[in-house]
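What follows is chain A paired twice: with chain B in the first complex and chain C in the second.
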Partner chain A sequence: MLRAEDVKAYYETRRGPVRALDGVSIALHENEIVGIAGESGCGKSTLVKVLYDNVASPLRLVSGRAVLTRAADDTSVLAASGSIQDRWWRDISFVPQASMSVLNPVVRIGPHFRDSADAAFRQMGRGAFWARVREVLSGLRLGDDVLSAFPHQLSGGMRQRVVIALATFLDPRFILADEPTTALDVVTQKEILTLLVDVQRRMKNSLVIVSHDMAVHYQVTGRLAIMYAGKLVECGPTSGIFREPRHPYTRLLIGALPRIGQRGKLSGISGVPPSLLSPPAGCRFAGRCPNVMDRCRSEEPAVRSVGNRHVVACHLHEPVAEDDS
Partner chain B sequence: MRFVAFLLTKLLVYVLIIVIGVTVVFLVPRLLPSGPVEALLARIMAGGGFMEPAQVESMRVSLTQTFGLEGTLWEQYRGFIERVLLAGDFGPSLAMFPTSVNVLIRQALPWTLGLLLTATIIAWILGNVIGVIAGYRKDKAFSKVLELIAVAVYPIPYYILALILIILLAYLWPVFPMSVHVRSAPLSLRFLATVVHNSFLPALSIIIVGVGWWVISMKALSSSVCEEDFVQFARLRRVSDGTIMTRYVARNAILPQITALALMIGGVFNGALITEIIFDYPGLGSLTYMAVMQSDYNLLMGTVTLSIVAVATATLVIDLLYPFFDPRIRYR
Partner chain C sequence: MSEPLLDLQHVSRTFRIGGLILGTPLVAVDDVSLRVPAGRPMILSIVGESGSGKTTLARMILRLVAPTGGRVLLRGQDVTRLSGHRQLLAYRRTVQPVFQNPFESFSAHRTVDCYLFETAQGLRIARTRNEARSVVARAVASVGMTLEGVAGKYPHQFSGGELQRISVARALIPGPALLVADEPVGMIDASLRMNIVNAFVDLKQDVGVSIIYITHDLSTASYISDAVAIMFRGTIVEYGPAAAVLESPRHPYTQLLLESVPRIGAKWDDEVPAAGEERREYELSGCRFADRCPHVTPECRAERPADLALPDGRRVACIHHERIFGPVPHADELHRLERSD
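And now, the complex of A and B:
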């Protein structure tokens, strides 16, 4: 299991700390696809950085931790000690946002596989190693010939598939994909998403997809976490969230999606997110929320369960019993 | 097929550059008010010898013939091109008449090449290795020290540095000779050892200045490559530090340095005037200097043509070799 426990991670800037993550907890289980959604600057990518233990200046982990436990022996590996980094690429791997430029332009594709797997190469031996690489490539509908190609000779979609092959060929338990399809055209997007899901089904590992595109989450994720201004506002099964979104922000996000046969203008969400240099007291969405109440501006809503593994942080969903007083 | 077309275009450009360069070399001295014949005659007269006006006139005619200065400009040019480009003959030196320019260049060339090629290549390798390390580990203390040394040494004027070396290593602690005392001798191991011993100080002075420049430029190049996505991603996928530094950072940052090295090797054929003067070193630089001071047009044309051909050749070679260094570049 991979989880973030009450993580506060701030970017240190000259004007003060930018509170990109302010008390976020999330747990990722084996064999599931989790989506992380939210608009730009909500902390999605920062959360992935913390989960991947890739925290480097100016980002600073103020409190909380990321923990990677392996189901087999249940040994905890703590991020704070830097040892998730020791598991990089074997137990946890990463598919970056800008896959156009993540391959070394002057080196052929083959050595890229060899470079990131010294231990595995020694363990498996030359023959088994390349057989494994070929198997993964063919699973992604890539021929052997890409191994001898230079990155610039491949199309954008092929390069992204090579990156996915790189991230999956050592059979890691967790794959974190940060906007894996954002730089691609819609046709290739669909293809890459399908392949990612195929790979996950075969390997039965768990896949995290970060995307601002709600349609992507609807299509592929099993569970969805929605973030707003450094906070987790809602998390639950994707189907449940799309059927009955609890948080007003989620409702507005889903309402902004175009529907077939829809007439009239699509509604956006008016206003802009608050500054993370000096976030407002109370609920951070209060300024744009159509259901805002007085207490939203002073009291921060806690994350509460609304049943069926579904949690939400909103005063609208407080248990009735507490309202009596 | 595409390569053949590419090669032919490049060769055509190569020949064109040399012809244009040599033409300029041919024209410029002829635009000067004083000619070599008059200069030589004046020198003979100043020597105190007395000559009848008729003798002077016949001497003028014969010198004009010898120097290839008779006929119209076009006839001279045709003769010049035939002689220089096709036969590779620059004629006699005017200052050291009748020694031919070819012989003078042939004597100076091995000295210049031996010193400058060795020093340039050593400085390039050393500077780039230090530069990559300093750029890749820019937060480490030793990187900062290395860069500080490079930045401190680089701006020292070359002749000051050379004089400091002479004072330190030839005067205060006399391990090397103050100036070069070897002249041509039959090739033997002993002779080579003397040459190396004599050339050590001039080489060291060139290397120190060169290394400073290569360190500064390579450090800048590699620290910008370090910020590239493919280096960051290599770190995230646990590529070992050594591999990232060599195969990812150095391999990409070195590309502009290869071009710079090729051009610098072309420039080697200019000689190194200040080095040669300070260390009394018999190279092409002093030869060119002498040619300028004594209006020795043939010699000047010889050394300048050599350097034009050298730079053009270096450019051609780098054009042809570049696709081997950077796979994104193709012959086209």
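And now, the complex of A and C:
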């Protein structure tokens, strides 16, 4: 299991700390696809950085922790001690948004595999290692010839598949993908997302997909977390969230974009997110919320269960029986 | 006025890839004809994947790239043959760009209102600072902001959505007849996108500006457009009224594009579409979609399919569209369908 426990992570700037994550808890289980949704600046990429133990200046882990537990040997490691980093590639791996920026432009694709897993290479031996690489590539519809290609010789979609191959070939238990298809067109996006889901089904590991696109989450994820201004506002089974979104922000986000063939005017969500240098007291969505009440502006809503593994942080939802998942 | 506002006549652009001598030519835009009428403002969307040539087409309309074939006519005049300060000034007052990333359009070190005043005075819309002030204030008001709220502020003090609205306001200062907007909401968050596209619809209706909206986002294109052109590897494969093209496509590529859009409410099946290889598809001599088309026949590879004009005002570059999508609806039937909306 991979958990973030009440994580506060701030970016230090000259004007003061930007509170990108302000008390976020989330647990990722084995064999599931979890989506993290929200707009730019909501903290979703920062959450992935903390889970991946990739916290470097100016980002600072202020409080809370990330814990990686392996079911097999029941050991836990904590982020920020660098020990999740020891598990990179083998237990946990990362698919970034811009594939070009992780592939070294002057190095052919083959050595990228060798370099990212030197220990595994020595352990498995040359033959087994490259056999495994080829197996993973073919699962992603890539031929052996990509191993001798330079990154610029591949299309954007092929490069993204290479990055997915890199992230999956050592069979990690957790794969964190940050906007894996944002830079791609819709046809390539569908191909990449379908391949990622396919890989997850075969490996039965846990896949985290960060995306601002709610329709992508609808298509791909089984569980969904929605973030707003550094807070988790809602989390639950994707089907339940789309059937009955509990938080007003989730509801507006789902309806924010037009659908093809839809008639009538849409208005989007008025207003802008608050500054994270000095976030307002109370609920951070209060300034834009159509259902705002007096207490929303002074009292911060707690994350409460609304049943069926579904939690929400909104004063509209009074607490029911505590069900800590 | 009989001359169309914008008339693209068989426009092509060839680039050389990999050096002038050893490189190979790549036809990025191949024989594109499109028209925006005068006197009747419209929003025309040019929709395509990355690498479809849509940005090159926009850059030719904006005179940033010269066509290697065909002509770009603005009110009957070839935009590559403008000469003298007066003609260029007239061109810039008529056609204005809106680019994708507003944080790149504005320098981080200058206040955004500098740009607004520069446009007003540089294009000689206003002679004095006071005149400029009222012109700028009007432009800013037409995107739902105020000059007081904008003046003296730097780009980082705005959200992406606000800044993009300011770049639309800047483009409106000379009172243009045509805006060319290349992925104007690509960098904007979902909750703020609608502000920009709604502003486009209002501008068309209230100010009478025509807009060329270049995007890969089919849903906003469907929301605001009067007409849609689907581009694929440099060619327009389907063109016509937005509702017709996006709700009952008659080209297999348009259909693939529509099926690939993630939608809420209808789950994808498990079939994985394979994206084609850009370079190879550009080099196909027949239909460039042939390698990926499930309905391909040898005739498709023999020669480039011609544009077929259909009674509902669309053009389709597919010789098999009736076999794939059934007979073309009769014109009377279309009128009935439109009324029932």
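Criterion: the second predicted complex is superposed on the first by the 313 of 325 C-alpha atoms of A that agree within 3 Å, B and C clash if a C-alpha of one lies under 4 Å from a C-alpha of the other, contacts with A are read in each partner's own complex, and residues count from 1 in each chain.
The definition used in the following text is that contacts are C-beta pairs under 8 Å (C-beta built on N, C-alpha and C of every residue); 3 or more make two chains touch, one makes a residue touch a chain.
Given the structure is predicted, the values throughout are model-derived calculations rather than measurements.
Enquirer: Thinking of the overlay built on chain A, is A:A128 touched by chain B (first), by chain C (second), by both, or by neither?
Expert: Once the two structures are laid over each other on A, A:A128 reaches no partner at all.
Enquirer: Name the contact category of A:G261: first (chain B only), second (chain C only), both, or neither.
Expert: second
Enquirer: Considering only the touch criterion stated at the top, classify A:A281 as touching first (chain B), second (chain C), both, or neither.
Expert: Neither partner.
Enquirer: In the superposed arrangement, does A:Y218 touch chain B (first), chain C (second), both or neither?
Expert: After superposition on chain A, A:Y218 lies in contact with chain C alone.
Enquirer: Check the residue A:V186 against both partner chains and state whether it touches chain B (first), chain C (second), both, or neither.
Expert: second
Enquirer: Is A:A302 touching anything from chain B or chain C once the two structures are fitted on A? First, second, both or neither.
Expert: Neither chain B nor chain C is touched by A:A302.
Enquirer: Pick one for A:P111: touches chain B only (first), chain C only (second), both, or neither.
Expert: A:P111 contacts chain B only, not chain C.
Enquirer: Starting from the residues of chain A touching chain B, keep only those that also touch chain C in the other complex, and list them.
Expert: Overlap of chain B and chain C footprints on chain A: empty.
Enquirer: Name, in rising order, each residue of chain A that touches chain C in their complex.
Expert: Within the complex, chain A contacts chain C at residues 39-40, 141, 155-157, 184-191, 193-195, 198, 212-216, 218-219, 242, 252-254, 256-263, 265-269, 272-273.
Enquirer: Quick one: in the complex, what on chain C touches chain A?
Expert: Answer in residue numbers: 49-51, 159-162, 189-195, 198, 216, 218-220, 222-223, 243, 246-247, 256-258, 260-265, 267-268, 270-275, 277-278, 341.
Enquirer: Contact residues on chain A for chain B in the complex?
Expert: Per the touch definition, chain A meets chain B at residues 52, 54, 85, 88-89, 93-94, 96, 98, 101-107, 111, 115-116, 118, 150, 152, 166-167.
Enquirer: Which chain B residues qualify as touching chain A in the complex?
Expert: It comes out as residues 228-230, 232-234, 236-240, 243, 247-248, 251-252, 255, 325-328.
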